[in-house]
Amino acid sequence: MEVVKREKIFPVAFLRNVFLQPETSSLFMLFVLFAITAVLQKNFFEVKSIARNINSFAPLVLLAMGQAIVIISGGLDLSSGTALSLFTCVLTTVMKKGDPITGVYALVVTFLVAVGTGVVNGVGIGYLRIPPVIVTFATSYAWLGIALFLRPTPGGESVDWFKVFYNARAVEGFPDSVKLVGSYIPPALVLVLLGCLLWYVVSRTRTGRYIYAVGSNIESAYVSGIDTGKTQMFACILNAIFIFLAALFFVGQNQSGDARMGGPLTLKSIAAVVVGGIALTGGRGSVYLALVGALILGFVSKIIFFANIPNAYQTLTSGIIVIAAIAGPAYAALKREWR
Amino acid sequence: MGVETLVKEHETISYGQTLWRKLFAQYGKIVTVLLLTVILFVFGGVMVPGFLSLEQIFLTLKLSAFVALFGLCQMIVIAAGGSGLDLSVGYTATLTAVLTASVMNGQNERLWMAFLIALVLGVLVGLTNGVLTSYLKLPPLVVTLAMADILQGIVNAYVAGKAITGRPSPFLVVLAAKLTGRFPNILFVLIPVALFATFVFEKTKWGQVLFGVGANERTAYLCGVKVKRVRFLTFTLSGVFSSLIGLLLLGNMGIAFKDMGSNYVMPSIAAVVVGGVPLAGGGGSYFGVILGSIFLQTLTNLLTAFGLGDAGKWLGFGIILFAMLSVYASNRRSR
Amino acid sequence: MVVLEAKNIKKHFGGVVALSDGNLRCQRGRITGLLGANGSGKSTMSKIIAGVYRPDGGEVWYKGRVVHYRNPSEARKDGIALVFQNLSLVPDLTVWQNVVLGVEKNRGIFLDDREAKDLTRRILQDLSPDLDIYRKVYELSPGEMQIVEIAKAISEEPELLILDEPTAALEQAQVRNLFRYMRTLAGKGVAIIFTSHRLWEVMEICSDVTIFRNGATVACIDFDKEEKDPEKIVSHITGEPQRASSLEYMSEEGVYDEVLFRAEVKSMRSGERKLKEASFELRRGEILGIGGLAGQGQNELLYALAGSYPGVRCEVELEGRRMRLQRPQDAIQHGILLVPGDRQQEGLFLEHSVYNNMIFPKLGFPKHPLVIPERHYKDECESIVKLLSIKTPSVDVPVSALSGGNQQKVVVGKWLSFDVKVLLLADPAKGVDIGAKRDLYEYIVHLARKRGVGVVLYASDNEELVQYTDRLLVMYEGQIVATLNKGEISDDTITAVSMRVR
């Protein structure tokens, strides 16, 4: 004899299923924060302030997306902030003001350095199988050291056209058409889109899938013939490229390199990944969720700023909000576990 | 590495070999650290005049003691498994120092009050961390990180505008900063703590249950252990200890300032790893953690002594740490 | 036609010799069985052929030439596929993604997903048509996962297929499907190597058997030429002289009429799929079996009885006292002790010593002294090791160094210093070699008959149930659907009732 349980009322079950997924709940939160910011910031929808907002969000978005890739592959990168600083220092050391071609050299050299940092982290995590927290902790000191060597104090030089990565209109030599486009589409947005495109392409290839496989269960992946070391290293290199893009933005904005500027961003990028709904254990979650998470954190900062919370309380508030941001879905997941 | 699991599934392996592997995993790393530390000292002694002097050695021991004490907090949390980690130890200590400095005001009379405040604060922080990580199952990395932010915020708010006043009581200063002859008094704290901690870890049910939870929480659960409670308690303990260490930091520095504790956080984790405690939990020796702290401090001293400035110091630190970790890791992979 | 011949294979790991003289021959279109205890070398043999290990001596001839594979991928490319026991599936990917994992085809620079999905559907058509290829593997039952593993191996159209204990997680219906599929494959000329701890399966599906013992091949029996004699085969495996069928029923002596234990288990969650409700009585000294198709709630019932299955209400009466079991501690402190189904994941701390594992449950007790009385406990531990014949050089050795059977003995042993009233066993002999299996059951029967312990035993192998239980409850879809008494318990009957035929 079987007792047939009546299905729960459709809308309730549907709503619960939708909102209690970590993915949708973060999107929902983003929407809410977006709305609040729009209300608080009076000129929110003006082109200028949209551009300014995009500019302030972009670096964390890029770092978070890169971090997400590493995390999904089963790793973690505690060196992203210092790597960012390092790249800015390399850029501003290779470039010589007034000599436009050095900008190109700088791009190439820094790109290679970025790949190099990815390789080092990748070897540590993927081949030597050192716990990622520790190996990237070690490498972050190495990056800091090299950065300090290049730029003991913030400074360095930058060519004029490099400003294109921040504000196309500021570059003197550009034709007006480019400047016009640049005023509507902030270069920061282009950089983010570049990043998204890069990930999109990779995610449709074998390596993209292997990144998920290795993060989900590295033994199964190995036994299925996947080169797990290479895959994790590739993820680290991808991360480095995202950090490289963020560095371009910073140098475009400040025309200088600073060995210590990136520090705080590291942990923020990890928080962004978690807030976006990606599991720290790896193997699942869409990289674009990190984008959502970074935006959430970005809007939180904006709201704190516009709500006129005194300076002293800002870190306090953001800390509480981060906890709330991840506690919500976690509590919901707990309830779901009683299946 | 994956194939190793396949081997163990179906085959009988030489007992001697696995025993040796376990012994090495446990003690080999400690021997390695000890050896490397000695090598560093000798190297330093040759290259840098005065490096091997008794004063220098004691100074190193004194500086590493603080890292080692924070390392105890980390070891407790890490040993329970579940990706345990406490990034809030630095600011817990800082906040305690900041709050109690003005209470004590350079007198011994109010020391007990400071102690009480430290306890309460530590329990509050630890409890919150514990609830969020254990009962709400949030990742400790992010929770303790956010907690550190919150504590930093509180410090900022408390301090807003005015300078931090107050001085530690002379007792704390003597205990933390001063020497008896040439012997740093802080070691009078570290050594009993080390002995007591090791005893608790190895010989009491608390320590063994802790390691069991870290080794396999499901097995521990089925044996009747309240896993969540154990993990919750580890964070509470970590909070209390780090808060008390804050008092010692205050004693050592003489005043409280905003970034007092934050430079100890990552080194405390590094000390735990270098000392051979598995990050996944389930085992480890506090003695190894202490050795790890000494090694890291010696390394830093050596690099500073070479006069390379910050750049060389950090680069060297990163490279050597990386190299050490490679050696550890390669000992795990064998076929 | 011989497709594979392995001659005089030697393999050692560190100081241990896994194979001293391994020989094997496989022919196209035939299913060769590999039999042998754990540690006999049969698994090592399979893995050497599949390229997972490299032999230290001897030769492997495949398709007419000597081969030296450096890794499984090379063997795969050559047409040799090894099906693991759920060790090669990635939980967060879907069924179809797993089937092509590692060998995905490209269309341009991107993955050809359409091709992959088609291929998966084609293979599963014959194996298991109801399986949704879009489901993520972590959602699947162990049996379904095993099927995906098999599909994965077959997707590359191997010429030699090695199945390493594929039936361990399958239920009877799935086993029959699998056998049917294997015969089809064999009909297409594929050579198959099949291992299982269940003798009857090997005898049913294989055309010949190769038996390993202590690292060497000791017998090859061709079923076309010789008759199938289970006793003879067992004696080859264990190395002991044949003895008369030991499948006698246990005597009734030692089973008392008094009811020791009554249990009422009921699920509280509306969406509960695994365990719905069950209630039964247990007499002192009785061994009560739980059977049925795999995954019908047997494990869950045992967890519930041990107070460790959330979402069910478990009310019991033990020696006249009523209580509710909500947490493991509730059960443990009253002497209701569980030996869980997965010893490595649930029963042991693999890196800890035998001693540490043995004393651990005691430490959880609130009344336990703070300081551990080491001397006393070490002695106790040693005596349990002796009692159960646990083969280990010392109690300080990490438990990961022991063989499966001895590990299982440790899992049982850790409860022996308690005052056991009811012993719950979730498939205690799974993956355990014949010798250890015998030791374990001997002790279990002793506990029941001589010490008056009530035993609740779930076994996935019907033979164990036939041999060792006094009464049998058959479960289906989370409920008890039948009770078989002493004379009625036979493999035949159990299977029929499990499948709701009778």
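To keep things simple, chains are lettered A, B and C as they appear, and every chain counts its residues starting from 1.
As a convention for this text, a contact is a pair of C-beta atoms (placed from the backbone, for glycine too) under 8 Å apart; a residue touches a chain by one contact, two chains touch by 3 or more.
Note that the coordinates shown come from a computational prediction; the quantities given were computed from them, not determined experimentally.
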item: Chain contact graph, described as a line, ring, star, complete graph or other shape; value: complete
item: A-C compared against B-C, more contacting pairs; value: B-C
item: Chain A-chain B separation of Cα centroids, rounded to whole Å; value: 30
item: Distance between chain centroids, defined by C-alpha means - chain B, chain C (Å); value: 43
item: Residue numbers of chain A (touch at least two other chains); value: 219-221, 223
item: Of all residues in chain B, the ones touching two or more other chains; value: 3, 5-6
item: Residues of chain C touching at least two other chains; value: 84, 87
item: In the complex with chain C, residue positions of chain A that touch it; value: 5, 201, 204-206, 209, 212-213, 215-217, 219-221, 223-226, 283-284, 338-339
item: For the chain B and chain C complex, residues of the former touching the latter; value: 3, 5-19, 22, 203-206, 208-209, 211-212, 215-216, 218-226, 282-283
item: Contact set on chain C toward chain B in their complex; value: 13-16, 18, 38-39, 43-44, 47, 52, 84, 87, 306, 308, 327-329, 332-333, 338, 340, 345-352, 356, 359-361, 363-365, 368-372, 374, 392-393, 396-398, 400-404, 414
item: Interfacial residue positions of chain C with respect to chain A in the complex; value: 71-73, 76, 84, 87-93, 97, 101-104, 106, 109-111, 152, 269-271, 310-311
item: Residues on chain A engaged by chain B in the complex (per definition of touch); value: 120, 124, 128-131, 133-135, 137-149, 152, 218-223, 267, 270-271, 274, 280, 310-320, 322-323, 326-327, 330-331, 333-334
